[in-house]
Amino acid sequence: MDFAFDSVTEDLRERLIRFMDECVHPAEPAFAEQTAASGWSAPPLLGDLKDEARKRGLWNLFLPGEDGAGLTNLQYAPLAEIMGRSPAIAPAATNCAAPDTGNMEVLSMFGSARQREQWLRPLLDGEIRSAFAMTEPDVASSDATNIATSIVRDGTEYVINGRKWFISGAMNPDCRIFIVMGKTDPQAPTHRQQSMVLVPRDTPGLHVRRGMRVFGYDDADHGGHAEVVFEDVRVPAGNLIGEEGGGFAIAQARLGPGRIHHCMRLIGMAERAVELMCRRALARSAFGKPIAQQGVVQDWIAESRIRIEQSRLLVLKTAWLMDTVGNRGAHTEIQAIKISTPAAVEWILDKAIQVHGAGGVSQDFPLAALWAGARSLRLADGPDEVHKRSLAHRELKKWT
Amino acid sequence: MDFAFDSVTEDLRERLIRFMDECVHPAEPAFAEQTAASGWSAPPLLGDLKDEARKRGLWNLFLPGEDGAGLTNLQYAPLAEIMGRSPAIAPAATNCAAPDTGNMEVLSMFGSARQREQWLRPLLDGEIRSAFAMTEPDVASSDATNIATSIVRDGTEYVINGRKWFISGAMNPDCRIFIVMGKTDPQAPTHRQQSMVLVPRDTPGLHVRRGMRVFGYDDADHGGHAEVVFEDVRVPAGNLIGEEGGGFAIAQARLGPGRIHHCMRLIGMAERAVELMCRRALARSAFGKPIAQQGVVQDWIAESRIRIEQSRLLVLKTAWLMDTVGNRGAHTEIQAIKISTPAAVEWILDKAIQVHGAGGVSQDFPLAALWAGARSLRLADGPDEVHKRSLAHRELKKWT
Amino acid sequence: MDFAFDSVTEDLRERLIRFMDECVHPAEPAFAEQTAASGWSAPPLLGDLKDEARKRGLWNLFLPGEDGAGLTNLQYAPLAEIMGRSPAIAPAATNCAAPDTGNMEVLSMFGSARQREQWLRPLLDGEIRSAFAMTEPDVASSDATNIATSIVRDGTEYVINGRKWFISGAMNPDCRIFIVMGKTDPQAPTHRQQSMVLVPRDTPGLHVRRGMRVFGYDDADHGGHAEVVFEDVRVPAGNLIGEEGGGFAIAQARLGPGRIHHCMRLIGMAERAVELMCRRALARSAFGKPIAQQGVVQDWIAESRIRIEQSRLLVLKTAWLMDTVGNRGAHTEIQAIKISTPAAVEWILDKAIQVHGAGGVSQDFPLAALWAGARSLRLADGPDEVHKRSLAHRELKKWT
Amino acid sequence: MDFAFDSVTEDLRERLIRFMDECVHPAEPAFAEQTAASGWSAPPLLGDLKDEARKRGLWNLFLPGEDGAGLTNLQYAPLAEIMGRSPAIAPAATNCAAPDTGNMEVLSMFGSARQREQWLRPLLDGEIRSAFAMTEPDVASSDATNIATSIVRDGTEYVINGRKWFISGAMNPDCRIFIVMGKTDPQAPTHRQQSMVLVPRDTPGLHVRRGMRVFGYDDADHGGHAEVVFEDVRVPAGNLIGEEGGGFAIAQARLGPGRIHHCMRLIGMAERAVELMCRRALARSAFGKPIAQQGVVQDWIAESRIRIEQSRLLVLKTAWLMDTVGNRGAHTEIQAIKISTPAAVEWILDKAIQVHGAGGVSQDFPLAALWAGARSLRLADGPDEVHKRSLAHRELKKWT
């Protein structure tokens, strides 16, 4: 047992921290301004940052194997944390932003040669963005058997009908390709009904309707969260990813690393929140002394530190398990971090907001927006309650 | 001891519920649309609703004495709860919306004849709106001794300099008058340094800079929350409310009823949240049964009901105390409801959101916006922690 | 709506407080010593206190109607709170101690003339104690349909077989009579299977096996919590209370007032805990200042005050509902106080313990023992979870 | 970074688990019976288990260096967890029980040759037990500057006067030696006032007064928690441990490993609690289905698993830090585990109790006693609040 990072990780951490300090954090104010002006498109500034990151070898770090940087989950995790300190910029600047990351993984693992050439390559090069269309407004789609979107084979094509929402990134016009989850065979066994197909943005019948808000935020800097309607959308049969009925398995494979990324970025946000909380508490006085001397604020700071340390260790161990025994062997831990990390970070952000007074809920500090992101992760990929139940079943099975 | 409402209250509750059912709830969709289109101004629809409310005798219910409906705090409280079920419309439609309510109370109690004629009358008639400018960005203004805005006597005028923010309602161009809190004598005893002056919106030097966001929301339907700068703003000496050095006392007098209103409206929001949570849980199925049959959801519903009942009773008792022994005698309870009600309602809204899945955080349900409102009330009028400390001091004093 | 006690209540409160101050609190140390020496029997001192209470007219206050003091639930509730400040002595001294209270209610409402003469009279006179034998070790007896004890008619007798535990008071040899819940007809509809019979302590086959501990406490001052085995126990048919199949209904009738009593006594304990917490915090210094000046301790004190006020109001309203619309109409509230009061008081006691340091968990302060009592009430009469589920069902039904 | 145990640890874990399964768990019922009969002395059975453990090479595993098994903190930690599954027996059987462990560490690190020969040797051989006398009833002794016991040099002797309590193990007559913390120089700098001296049990003036209870438990199987009075107790000057004024530093050195041991044993208790909770939930039915199928119970089980995993990782990392950068470098983590582990385990035990119904609070399951132990660890070595404050100070210092 050894809690030190290996030398590859240490080297990349250093270089990434330098990139954050020299390029990302200084760009934050201008980025925010450009975001406000650029609608759903990415701010022009992002292009420069991407060039710089690529030049520095900080590119596609998330992707194992030859297509990417070749890091293990355990090596990438601490880098995702660092990116999380500026979540609107750093992941996108290093081509490590969701949902592209998961989509690239899917194409890298399951894509045909043609799919890889046509979509994976430009994604790896950061030329386009992508979306993953799974969640549906009309059913509890955390239960995959509920998915109502249909994908019907018709000659050499698939015909897609359905309604999706909270399709992150899809409001950005640079999002050129959608991976769509639907049912090809509703009569098949529960986990063989679903398939995934690639649908280019311009395909007739694909309507990007509107951006869903998250606690008032449109998240335009992430390309928003679109409601998308598929009306008799036709794509060539070659757009199927993997095989018919393989959709559920692909979704599962996509989940594990995504959880690590999300959770580590959350921990980066939490570290930033603790920094802001401490700085504010030291700078602001009330009733004759700095807020930092108030016992309740100290209690929050201590609790925040503890929750961060515990959360980070569990995510890192989960990454290690995925690397050593695979996603299946890490099932309990993957669910555990999905449940515990957003809740912990939400708590920390809430306290940081409270220390900032009215400013904390406003646009003058990043805290409220980060909070909304953390809160929505208690629902994304299924509400916590679904995962707790599943985790409990596994625990109970030990004693049956 | 008797927990039944008196007949005046019962009659008004019935009429108000009828108004909600016949006019307010049906207007909600159109109101939301008009809000999106009307910028910071009130939606035209509001005018009709105000006419209707006035016709029905549901007007200025909040205001005791001859200027208003003459109700006690205990009689008005359950009406505020009912309004809280549609907080963007009902309070404004009945001329019972903050911060006008508190401002009218101040003018009714402390205003000179001229002030009452010039500002109270049009406020009572719902012709104009008003703002209360107290919170400052640069200091912990929950500690009134920190207030930095200066009000300096210069001949027959007062000259005001300072920066305020989160001035609710002030983005609305109909907001014609500001009550401004500042220091007239920084050398006076702690609670005699502050004064309040009336500053008409058009006064040179008064700059409404921007709307502050609350978790991404601009709250345009409430006239937003403005940052306002006062640069050498000059008003006649007659615009002083009450006497020099009386600002703190006026602020205290204004607080009590405001807390009752806020808390009861919150309870109304909570009731609506429970209704939405139950309806959703009954309508949505996952893993083979309605969500309403899941134990954790039932736990939330039960806890919500309990917290609502406890919160309501404490607010009602506080209102009764204010009516019978005055604000001073109700000090502990006024602080207690300020601390406990927003926290309870925030919790309930969080659970209602969770039951709604991704939709819960979006614009398709009112829950996320209500949540943001409840959350910000844990900071408004001073963060909870300030009030807890003060309440504890009073408790400790019993045993000293 | 009126939050003041009526004059009957005020008068009794005053007299009871005087009795507490003059007789009960001064007797606490001697009572504790005698308890340690007197095994399962009541300390001799209790007899004197009972004489005194009776002389002062503070006797059987809990019992409505002609058999008792004739108070309403709302009138008795604040008296139970006062008794709760010394829960080992005051209820017993005033003949208002569980489980006798509930048993006397049952006999008063459902007992035959002979049962009343033989058992109710000496109970009303405080000559004997009694037990209520419902909970069973082998089943989840919060679900009454699970009860396994059998009561079989055999000629002019009933034959009882079964095992009960946590039969409070039964270790005390003065406990002369058991009300036993069992099944007379396992084939009847769910809530008509159970009956109650009176079983005198000396009946052959009734074995009081051992005292169950509650977190290490034997609760000898309450007569302990016995495990009792019934082996072919025979009682005359006339010992049936009410009718065959009426056991469930009697148990329900018994529950309501018992909840009020338990909850109000808990609130009295909580008030005592706050007093002890404040006194200790004022008296003890660490790191250069009294603990009372530490923000976290102040936070606990404020929260404690708020939770007490909310809890008390909900219990009082429940008592009022029971008096005005009956137990059925107060069903939601009766469950609500059962769920919320022990949890609130347990929380307060935990904080009071923490303020007392190591002493808090020891025999030198009453806090740890009170905590164990509050904790066990989250299980008594069925665990909280059962009541939450039932309460939620009722809430959901509103929207079905 | 590597989350696997090394081979030394794996080997010892296997052997220890075998010892638990073959010897410890089977002995639990007899041990409990003997405990009830043997007063404050150890049950005779313990001797056999000690012989067996020693034969198996499972002896003094806690002690690094040549005096003990020579394990690192990281190697010993998982063994302490295994022992924690039977906390009354396994630590004592393997000569790894507090407070002997800490006392042996002190003597091993700071003892003179004579002290080591006289006291360390028989402790290492398990022939005697020992006590650590630090906590005082009259002051908040978590602040070491408050300690009131005096140690005064008088010729060739030290004279000790003071009162201590919660001196764990001291009720056991086999406890032959006390390490006593007191002040030798109240005028010295804050952390140079304290010294430690060895006081044999039979020294005149040393009075073991009574056993302190912990939530009703006397903890006789651990030798209880004694109140001890020192009245003009005289020991030779050679009984000083280390140097005058070195008491605080020795206490600090003693703390680190002790925290690891306590926390890992707690985690072992938590694992046992989860096992019991699951088994009970599977075995018991209510309202027509096993409790294990109730959502709320599943929620508890999932939360328990998560909290255990997080807690364990943080303790292990702390052990690793202590091994690699020393106690000072692990200061934050040592405090973090002291704060978070007892709280997490207390929560888990509370839920396990709730699943067991009334039985959970009784002597029929180990849960209530384990709970009392976990709860008291929120106070032992100073209440959580003291550690949180200190941890927060360190966090704040980063940004000053």
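Order of writing sets the labels: A, B, C and D. Residues in every chain begin at 1.
To be clear about the criterion, contacts are C-beta pairs under 8 Å (C-beta built on N, C-alpha and C of every residue); 3 or more make two chains touch, one makes a residue touch a chain.
Remember, predicted model here, so these are calculated numbers, not experimental data.
A comparison of the A-C and A-B interfaces places the larger number of contacting C-beta pairs at A-B. Farthest from chain D in terms of Cα centroid separation is B.
Rounded to whole angstrom, the centroid-to-centroid distance between chain A and chain B, based on C-alpha atoms, equals 37 Å. Per-chain Cα centroids separate chain A from chain D by 43 Å.
Look at where the CA atoms of chain A average out and do the same for chain C: the two points lie 53 Å apart. Across the assembly, chain B contributes 294-299, 385, 388 as residues in contact with two or more other chains. On the chain A side of its complex with chain C, the touching residues are 294-299.
Considering their complex, residues 1-6, 9, 74, 274-275, 278-279, 281-282, 292, 295, 297-299, 301-303, 305-306, 309-311, 313-314, 316-317, 320-321, 324, 332-333, 335-336, 339-340, 385, 387-389, 391-393, 395-396, 398-400 of chain D touch chain A. On chain A, the positions that touch chain B within their shared complex are 135, 137, 139-140, 142-143, 146, 165-166, 212-218, 284-287, 291, 294, 296-297, 353-354, 357-364, 368-369, 371-372, 375-376, 378-380, 383-386, 388.
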